[in-house]
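Pasting in a structure now, in structure tokens, and then I'll have a few things to ask.
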Amino acid sequence: MWSRIASRLLTSLVVAWASVTAAFLALHALPGRIEDILAGDVDYPGLREAIAAEWGLDRSLFEQYAAFVSRIAGGDLGTSYVLRQPVTEIVGSQLWPTVQLALAAGVLAVALAVSVALLTAGRGRRARKLASILELVLASTPVFWIGILLLMLFSFTLRWFPVSGANGWTSLVLPSIALALPTAGLLAQVLREAIEKTLDQPFVTTIRARGVGEFAIRARHVLRHALLPAVTLGGWLIGGLLGGAVITEKVFGRPGLGSVTLGAVLTHDVPVVLAVVLLAAFIHVAASTILDILYLLIDPRLRAA
Amino acid sequence: MIADTKTPGGHGEPPLLVDIRGLSIGFAASGSGAPIVRDIDLAIRAGECVALVGESGSGKSLTARSLLNLAGDGARVESRRFHLRGRDARGFREADWRRLRGTVTGLVMQDALVSLDPLRTIGQEVGEVLSEHRILRGRTAIAARVRDVLGKVGIPDPEVRSRQYAHQLSGGLRQRALIAAAIAGDPDLIIADEPTTSLDVAVQAQVLQVLAERVREGAGLLLISHDLAVVSGIADRVIVMREGRAVDSGPTADVLMRPRHPYTRQLIAAIPSAASRGRRLASATPVGPSGPARAAPPPRRGPGDVPVLEVRGIAKDYPTRPGIGRAGSTLTALTDVSFAVRAGEVVGIVGESGSGKSTCAKIVLGLLAPDRGAVRLLGQPWSGIREPERRPLRPRLQYIPQDALSSFDPRYRVSEIIAANLAGLRPADRPGRVAALLEQVGLRADLAGRHPRALSGGQRQRVSIARALAAEPALIVCDEPVSALDIGIQAQVLDLLGDLRDRLGTALLFISHDLGVIQHLADRVLVFHDGRLVEEGPVGEVLCTPGHAYTRTLLAAQPRLAGGLPAHAH
Amino acid sequence: MNAPSRMPAAAPGEIAAAFPPGDLPGLDRLRASKPGRDWTSAPAFHLSALFLVALLIVAAVPSLFTGYDPLTGDFAEGLKPPSWAHLFGTDRLGRDVLARTLHGARYSLLIGLSGMAISVVAGVLLGILAGQQNRLLDEATSRIFDVLSSFPGVLLAMLVVTFLGQGMLNIAVAVGIAGIPKFGRVVRAQTQLVRDADYVTQAAIYGLGRRQVFLRHVLPNVLVAVPVIATVYIGSTILTVSGLSFLGLGPQPSTPEWGVMLAESRDVLRVAWWPAVFPGAAITLTVIAFSVVGGVLQKRFEGRLA
């Protein structure tokens, strides 16, 4: 088991390193471009050379790569081309609202999905049909449309929640619901199918033959089996929430990484976009590593090695 | 139907645990609405074993599960009388059933690997019934009882085993643990649904012994099995089911030893054994034990002297992957195996799972290179050469796998499956040859356009045989070709293989775990044990006067229809 | 005795179909035939297929179904609620929302399908490569998938747009790259499944060479799965595309693309619901239809292998 965990950690490191390398290559894939962006509208002879010297673009590619990797390993994500500020500062100041939103939505999505799946899996035909249609519709609806509909209903018509901003918990309610619903739909689909598959296993018959009630069967035995495929989805879920948060922030006019990233994309501010993307990738890798180890704890059959 | 069931039959007979009349089970949603099980009577007393036998789909499992009200979602169970330990169960609600399960009735299913929760320890699984019904309270009391029960079913080191998971136990121990979980609540009635079907014969004998022990201690046992031999050794009474009806029933000695009902006779006649050699197993007219109406054996070309296959001193070591079920890094090996197969000869290979049978077959098929030793096919080198060099000889060696369906490309129809093995023939000649081959294996020519998925198991196995024959092989390796089939279908397929051997003179290397099949079909037998060939010789000699201790254990463990059956006349 | 009716069993005829004469499957097989997803029923499938066909026709010749120009409008007619003249109402510039929604089908399908095509081609190539019996190759491709999939799809696409700039083709490329690992992994799994299948072993016994086995059995059985996988995934591709358009990274503003229309509707939400509701419904219905059709195809395909 420990060797499995060790190899998993090693894989994560390799993935993290490869992501950084890919980022570096992406940064340098288009030659001349970086100087252009930095120069902006200004143009005079010798400007580009000066910029290259200032930003270290005149050194050999390998030197730049080594500097890049060591910089990122030290937590320094570089300097914004456009804002001329350390990226760590820009991103750091906008990180919390986004994390807050993603976390709230994640908790909500998991709670919704587990309760819907537990309540409907293997129950009455009508309840299952209703739940599966609901899941399909939620999973197929764009986050931003849900957001717009929620705004229309609860902010403009009923005036229960503020239209935009990030002041207090009331401004978090609608965005986190909008972000949670599609995720919950997908997660519930996976969980419910897993629960129903497990309920068809022979061992469930054995457990029923011991006189164990339906609820205890689900809570004590089946849920654990159903968690396995759901755990595999965990990494994807976190990535989806981070990506979705960017869009949700735009709908609700919330401050956060979304507006920073969008602004950077439109001004070709590569270091900022890279930083955000790398940050998301690291969060994803860390989370899926933890989940993989969790997987080993849930399933003793995998612990053999 | 109001009767005082508290009176146990009057004459000091043990009490009736189960008393059911006119049981019908149907499914509300099934199109025709016709019940799948019809008009079954079932009575089981304490200390008695009643067996339900029949082919798959005969409704025996459904009948048994209805005793637990676990016949399935949407099942409609009706009966004139349904008493369990003296109580009318017809008015029971789900909560009443739950109280009964585990305490009055215990269920043992087929494969413990999937019938025990794989994510929980043996101790948790066995102890669950105790805590669920509050038979015992407190962790230590339950743990003590769990150890007790595990000891009772013959599991050594119960302390250690109770902390392990199902996948960490051997097949036999696992099955015992499953029985322990069923009897932990001390039920009056044990329902065992094919409890030994996936086990090796030696382990099967031990597990049956554990169940018989419970019956001696006064439990009732309802045994569901497709295997008449298993049933005859343990059951007091037998009910033979067919298509949802009980076609024959009575004391075991009457039903199985002196079979009167045509269907029972047909089933018994279909069992391959030494006595069935040279006669057809699937007969239109049932064969009785008194007058074995042996069909005249078709004229047969005897085995020639030319060796088709020569195997000399082959050996193979490979590290077992440390994965599910195996913790260690032991080496499974095939050690110094030599034998030969002559033209037209049927050589049987018997042995338990893990004895090296399959490894040997893979080496013979040229799918695996032996570490030492050599294989020669038709006098030419077969092992130790490159695959392209083997290719010209490939058609001469064919293969019939156990699972025919998975050996067919899912995109192919029957005609394409067979034609794929007719590489030498002009495309225009292929349809005619396919039709001829289908006829040869007893299939209608119009099945050529079908997908194998739309065929029955027996038909699929025939297609698989036709495909092998298409190449006009000198030798066919048959790997458990009938073990997944019902007894009736098995009989037909064995008859077909026998006919083909007689008519075409194809040699067969026939792998089976069933000694009866080998005794019926093979000329010579090879006994594998722990990767070694421990005994070899003519079937009659080896299996009547076994020389090796292992062969003797194997024979002793082989369940047989005890008593006056011709199988054991000599 | 009471019938335990916790749940009705399978659909009519299913039990009977599960018991063909001859050799009959066991009891547990009967249970396994229970439908997993209830929306994969026949009417839902037919309705969805019909919707997709209609959508394709609309995308090909939208002008057949509306007389209005999606790009110009009468400013005086701005923000009119749905009426007989304008079934879906008009937007701020007085353009007919129905006309814009119908014309939008073309953009969404085109971008979604081209993105899909990129993922399919790259994913199938890499997946088949990974599925070969070559540990090094498998490790290398699997790590590529790991790296690609550790970037959230939307963010990865944003990174690509940062380099390539805005535009329809660019977001198709962006979404296509983000979709490679999903596809590649499924194809890899399918390749391994086929590679280890008994019928492939059997083909070696007939005397087929490695290349012949690959071309005749492995490749076709991997490729038959591709359209099924593609249909299952196209929904999520369309969702990502519309998200990127909504962020303003795709087609130019005022293009009648559903995501762009929704972004524009955000500004007039206080006074008009119709510019927001209809394009959003169009996206959702399209994605649902693809999911249903994909789900049914997948179920049939798996049934074929079982």
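Per-chain residue numbering starts at 1, and chain names A, B and C are given in the order in which the chains are listed.
The definition used in the following text is that contacts are C-beta pairs under 8 Å (C-beta built on N, C-alpha and C of every residue); 3 or more make two chains touch, one makes a residue touch a chain.
Given the structure is predicted, the values throughout are model-derived calculations rather than measurements.
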{"item": "Chain whose mean Cα position lies farthest from chain B", "value": "A"}
{"item": "Higher-contact pair (C-beta pairs counted), A-B versus A-C", "value": "A-C"}
{"item": "Between chain C and chain B, distance of the C-alpha-averaged centres to the nearest whole Å", "value": "45"}
{"item": "For chain A paired with chain B, centre-to-centre distance based on mean C-alpha positions, whole Å", "value": "50"}
{"item": "Computed distance of Cα centres, chain C from chain A, in Å", "value": "21"}
{"item": "Multi-chain contact residues (two or more partners), chain B", "value": "65"}
{"item": "Where chain A touches two or more other chains at once, by residue number", "value": "202"}
{"item": "Multi-partner residues of chain C (each touching 2 or more other chains)", "value": "6-8, 31, 34"}
{"item": "Chain B contact footprint on chain C (complex, rising order)", "value": "1-16, 19-20, 22-27, 30-31, 34, 197-199, 201-207, 209-210, 217, 220-221, 224, 304-305"}
{"item": "Contact footprint of chain B on chain A as seen in their complex", "value": "201-203, 205-213, 216, 221, 224-225, 298-301, 304-305"}
{"item": "Complex contacts: residues of chain B adjacent to chain A", "value": "65, 68, 70, 98-103, 105-107, 109-111, 114-120, 128-129, 132-133, 165, 167-168, 178, 181-182, 185, 191, 322-324, 326-327"}
{"item": "Chain A - residues contacting chain C, complex", "value": "11, 14-15, 18-19, 22, 26, 29-30, 122-125, 128-129, 132-133, 136-137, 139-145, 148-149, 151-152, 156, 189, 193, 196-197, 200, 202, 214, 235-236, 239-240, 242-244, 246-247, 250-251, 261-262, 264-266, 268-270, 273-274, 276-277, 280-281, 284-285, 288"}
{"item": "Complex contacts: residues of chain B adjacent to chain C", "value": "27-32, 36, 55-58, 61-62, 65, 69, 71-79, 82, 89-94, 365, 367, 387-388, 390-392, 394-395, 397-399, 401, 403, 406-411, 420-421, 423, 453, 456-459, 471, 485-486, 489"}
